[in-house]
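Note that chain A is present in both complexes that follow, paired respectively with chain B and with chain C.
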Partner chain A sequence: MPDFKSPIAHGPVSAPDGVVRVEDETATAKIVVRAGSDSSAAADLSVPFGQSRLRADGTLVCGTRPDEWTLFAAVDRAAEVAASVDTEGFVSVVDITHGRAMMRVSGPKATAVLAKVCNIDLADDMTPDGAVFSGSVANVTCDLLRSDRAGDPSYLISCERSFGNYLFAALVDASTEFGAGLPAGLSIH
Partner chain B sequence: MTGNRLPERPGEVIDRGTSLAFTWNGQGYTGYQGDTIASALAASGVEVFARSMKYKRRRGIMTADHWDPNLFVQVGDEPNVRAGSRCLVAGMEVSAQNVWPSLKFDVGAVNQMVGRFLTSGFYYKTFMRPKWFWHNVYQKVLRKFAPGGRIFWESSTHGAYDKRYAHPDVLVAGGGPAGMGAAIAAAEAGASVMLVEHEPELGGHLRWGDAADLAALAELTSAVEAHPGIEVVIDSTVTGRYDHNWMAVVQRSHEIAPERLIKARAASLVVAPGLIERPYVFAGNDTPGVMLSGAVRRLINLWAVKPGTRAVVLSANPEGDAAIADLEAAGVEIVAALDARAGEDIVEVEGRGRVDKVVLGDGRTVSADLVVIGIGWTAPTSLLNMAGDRPVYDPSAARYFPNQLPDGVLATGGITGNGTTDELVAHGRATGSLAASRALRSRHDRRVLAARARNPEGPKPEFLQDTRTPLARVPHPECYRSSTHGMVDLSEDVSSKDLVQASKEGFDSIELMKRYTTVTMGPSQGKLETVNASAVLAEARNMDMVDIGTTVWRPPYAPISLGALAGRIFEPIRRSALQDWHEAHGASPLLAGQWVRPDHYGDPVGEARNVRQNVGIIDVTPLGKLDLRGPDVTKLLELVYVNKWQKLDIGRVRYGTMVAEDGVVSDDGVTGRLGENHYLMTTTSSGAGAVWEMLEDYLQTYRPEWDVHVTAVTGGLTSINVAGPKCRELLLRLVEGVDLSPEAFPYFHVRRGSVAGVADCIIWRIGFTGELSYELHVPSGHALHVWESLLANGEDLGVRPFGVESQRILRLEKGHYIVGQDTDGLTKAPSAGLGGLVKLDKPDTLGLPELKAAYARTDLPMLVAIQPDDPQVVPMEAAQIVDGDSNRILGRITSSRMSPTLGRSVCLGQVDPSLAAAGTKVTILLIDGRRVTGTVQEHHAHVDPEGVRQNA
Partner chain C sequence: MIVVNCPNCGPRNSSDLRPCGELTPRPDPSTASLSEWRTYLYLRENPAGWVTETWYCRNGCRRYFTIQRNTATNEIRDSEAP
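Here is the complex of A and B:
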């Protein structure tokens, strides 16, 4: 199997003082599970809508929408993670690893960067570490997860794959206020 | 720098150690860091800054702040810069705007000589006739007089504008003592606070006050800065308040953008704008040297500028009195200190470039170069009005006060009453506490409701009643106009005489008068003139101010540039996994909706020919793809497609068309059955989102009992159509796990296998070109590898990529129609040539009643293939099909191209049913007016109507 290629053609972009960093994390296994709230799968996943938890096997389980979960893991674990879902009853397990671009905005100014392109209240109590939500980011419908790193806010943002390069550019563009440089060839236009 | 700069003042904001050089009308000047443009020029002795709009009267400093109607200047390529608030920057090139030939001598000043002919409604009365003069003469002449400076389309150097969102619990509009007190108390109560201040620094009137004011300011500033829950946004204005406390904050002079719009959603809004000092109406009140008391106090105390040498002061309040003390401290001789409370008055000011003589109410005439007016205030109730309030005029205090406010909006400070600094701060603090308590109740609710939020730790905070002790309404005389007439609206050059005349002409309601005279319609937008206008009208009509009312404050309260409203331009662009390759190989980009696609690689006709002769590959990723799973998928397909889906075996593919409830064709595509309860639906590229939404709509609302899961997988599966007589040979080299023989894998079937080592590919035997073709749906992370493998392994077969234009040619040759091009918003299924595809005997299908009605009709247009009789004529798409030599329209060409396969032009068209029979001659009206004939064909397909090639 050839290497997995991301739609984002740029490496990480950081402000010189590290207050914000935008990086591509598309190379992540992404499994979407649809199941009724009374299903075995739901009980097994055990994460309510809007929240997330890290499973012991390293899989991050996110309650993306009511009766819908997204599971994130290392990119080579897609089949394994998909197979781990209890499919008793009416349950769908779809591998969307290739269908979603994903990027992370992190650092002390990450919230301020996101607030330039997303109109959701990102205050700590409204969107705490582990919060899962959806919204428009730079006019692209995205699923977001607050996943803090080293005490600093950090957001994993995933969108339909074809928007990936644009959205990455939009996030870097928003980061320029805090010192990040826009790499050559990267533009929101 | 001349001697107008005073020795150091206690509260001055200038840095005397940093001189800044700039130019004014081409001449060199210097100011200090901290100066505004106006203060630097005033310190250097400049007295005239502008010419008025209509009469070109000389104008000087009036308010020395952002609202000063006389301080609009051009700075470099930026027009309409407010010199009263824009901080000086080294190297600024400042000039007066809209003067000709110069500020000192403006030809337009001749208008003053004919002023009596330029009164109310002058434009309406004068420029109506003759009608043809309007465009040819009037418009051109009037534009010469239009204010607004110069814009430089080509050479403008400003950067991008910006936007951000904010969700404070409490937004405080106004950073004076009450606003700061409110912010501190709200933050102490646990609320997040955004404190927006119009000036470049917090403090309001304390900034230019006495030592006690400065001490109080220092204390408040420290408290604000010390609290992490307060975000201070200076040099910014809350310019609009909309439903549910959605506030538009315009942030000026931010380092990353000329202006930024902050879209703030606050649970509580505290309105603390203070008061705006109001000019006084008398003859010559717009002469340079006539200033408001706040202006001279700001000039003296903030920028250490001596505003004149001999002053007449008219005061009706303590702030006016304080100006006298400041003037004396600055060494200005007080020629006359007039107390308006005691009935003393100013009647007229004389002087052209500067105040020269002042006629007092007692008949005396004194020599002076400065007239200071402190006669009252306008309450800037704008945000309150936007919250639904109708402020009420109180004649005893001579200003408007808040009336009924919604729970989420509170007012504090001078807009509500008078008080000492301590009283203002205390009222602000009480207001901040109240605002916070209401906001935190709202926050509690939102935390309970939002699935992502942390559950509230405690019970919902109690609702606090408003128990604030109101600020006093100190009596103030009603001083609006002297015994003479003067300017009311300095922006628009509207005088009190104009208003009286308008009233006499019948425009005697304030809203009508506004529109007739343009009073309050200039850049000031009523801040200085609206109350005076009401007062003049009340006097003219012999009515009370209360009964006159005011004009309505509407957003924006402060001007905002279109750039800031636009912010960054976010127009998402979708790219397939192969788009980089296409661009690197010379593809001409085609914007198709949000997608950027390869239109062609330089030779669309050659690319199409290669598909017919050898093999071509095209990136068709934008094709919508929906993964459907569940035991009830068949029911869903039966509902949304016009044909039947009960008997589709695993591995089979069927074409389907969708119609809307009105029977109009809405989308089409093929759907393949991949497993027992697993299907993959394709849609048109442009319709993918709408079809997905429609399916979810039906599943979630009309048929929630059906077990179907829909997952959009458009971008996850890169779609590559491999077409041409040699395509099977090419794929045999790369496909594993699938028997590609025509017997094992016939047309309209689907298989799963690996391609070029990439597993989990979906291989369809479908196409849009009429050739033998396979469509590969490849996991996008490996798509480039598959694409390049196809090219590398098919070199000897003549494989070439082809773009959208080639595909359009090929599909038209084959007669495949495109929804939205060969159909439109009125095309019902029979008109799309669907024939027997539509099954009217199904129990339920979207649009079924309309379909039955449509199929009972015989008058609907029909989609037919047409070949122009002159094979070299390619009618433009949308060319009309007409009735012979008449212009009666009988149809239109919907698609047309020159067919490289046939060497002639080919078309599809919608025609009247009378023309639909094969062999019928039609007349096509070309865009150049020529009429050519064409012949209706038997089949839609111009090439290979029997399907021999695609079924090979």
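Here is the complex of A and C:
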């Protein structure tokens, strides 16, 4: 596997009281599976569009679009996870690990931060823990997954790799209202 | 803001979608006259009232779907996958 290099040049940024934290999670294996509804791959993944499920082997399966799934796992498992999908029938499996940036916004104020730059309804009844959805975040088309941690809201956001540094800066900029500091050299302008 | 109901993603701001214009039946290329083909490519009814349109959910499910939209009031009904 090629050496992994994140497009995001900064480490985690947190508010002093911990109400929000923005961190780079690009170093995650990301496998996109497109499969016809009558294929065995679709039956095996079996996660409906808009939902997610953590498999026993630690792979997170997300129903990102109709007949399309994204699989997240530890970065060194990319080839193993891709090979685990049954490609019999109308199925494509693509490793996009290096093509997408991914970051996590978490903490009690994570929803308030994300709501500033995303027009999706983030209320608990519309996007509960485990919800998978796509939309515009700071004018970047992103795939989002709500994956709560320790009872606090947490969102995994992935976008095209080239937008990663900008999106990270935009999320940190949105967090400054809640006390996070914008590190030197990080700017959305 | 216009709220468009995507059949997969639910209600979305129209800025998340791309309008693709009136739904026009495609003539058979092997039998259509030049006039019929030009009409299909370039001419639209553009009524002040109800029209069937195709939209593309570019920020969400990336699927095309059709809606009925009143161009005078922006009232929208009956979204469905084509």
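Criterion: the second predicted complex is superposed on the first by the 186 of 189 C-alpha atoms of A that agree within 3 Å, B and C clash if a C-alpha of one lies under 4 Å from a C-alpha of the other, contacts with A are read in each partner's own complex, and residues count from 1 in each chain.
In the analysis below, a residue touches a chain if its C-beta (ideal position, glycine included) is under 8 Å from a C-beta of that chain, and two chains touch if they have at least 3 such contacts.
Predicted model only: the values in this text are computed from it and were never measured.
**Student:** Tell me which touches more residues of chain A here: chain C or chain B.
**Tutor:** For chain A, the partner with the higher number of touched residues is B.
**Student:** Output check: A:106 vs chain B and chain C. Expected answer is one of first, second, both, neither. What do you get?
**Tutor:** neither
**Student:** Given the touch rule stated above, what does A:175 touch, chain B (first), chain C (second), both, or neither?
**Tutor:** In the superposition, A:175 contacts neither chain B nor chain C.
**Student:** Is A:133 contacted by the first partner chain B, the second partner chain C, both or neither?
**Tutor:** both
**Student:** Please indicate which partner A:119 is in contact with in the superposed arrangement: first for chain B, second for chain C, both, or neither.
**Tutor:** Both partners, chain B and chain C.
**Student:** After the superposition on A, what does A:94 contact: first (chain B), second (chain C), both or neither?
**Tutor:** first
**Student:** Considering only touches as defined above, state whether A:63 meets chain B (first), chain C (second), both or neither.
**Tutor:** first
**Student:** Of the two partner chains, chain B (first) and chain C (second), which one does A:49 touch, if any: first, second, both, or neither?
**Tutor:** A:49 sits against chain B and chain C alike.
**Student:** Looking at A:39 after the superposition, I want to know if it touches chain B, chain C, both of them or none. Which is it: first, second, both, neither?
**Tutor:** In the superposition, A:39 touches no partner, neither chain B nor chain C.
**Student:** Taking the two structures together, which residues of chain A meet both chain B and chain C?
**Tutor:** On chain A, the overlap between the chain B and chain C contacts is residues 49, 119, 133.
**Student:** Which stretch or stretches of chain A touch chain C in the complex?
**Tutor:** 49, 65-66, 119, 133-136, 141
**Student:** State the interface residues of chain A toward chain B in the complex, per the touch definition above.
**Tutor:** Residue positions touching the partner: 1-7, 9, 27, 32, 34, 48-51, 63, 90, 92, 94, 96-100, 112, 115-128, 131-133, 138-140, 160-167, 170, 173-174, 176-177, 188-189.
**Student:** Which chain C residues qualify as touching chain A in the complex?
**Tutor:** It is residues 8-9, 12-13, 15-16, 58-63 of chain C that touch chain A.
**Student:** Can you list the chain B residues touching chain A in their complex?
**Tutor:** 162-167, 192, 256, 263, 265, 443, 446-447, 450-454, 568-577, 580, 595, 621, 627, 629-631, 707, 709, 711-717, 756-759, 779-785
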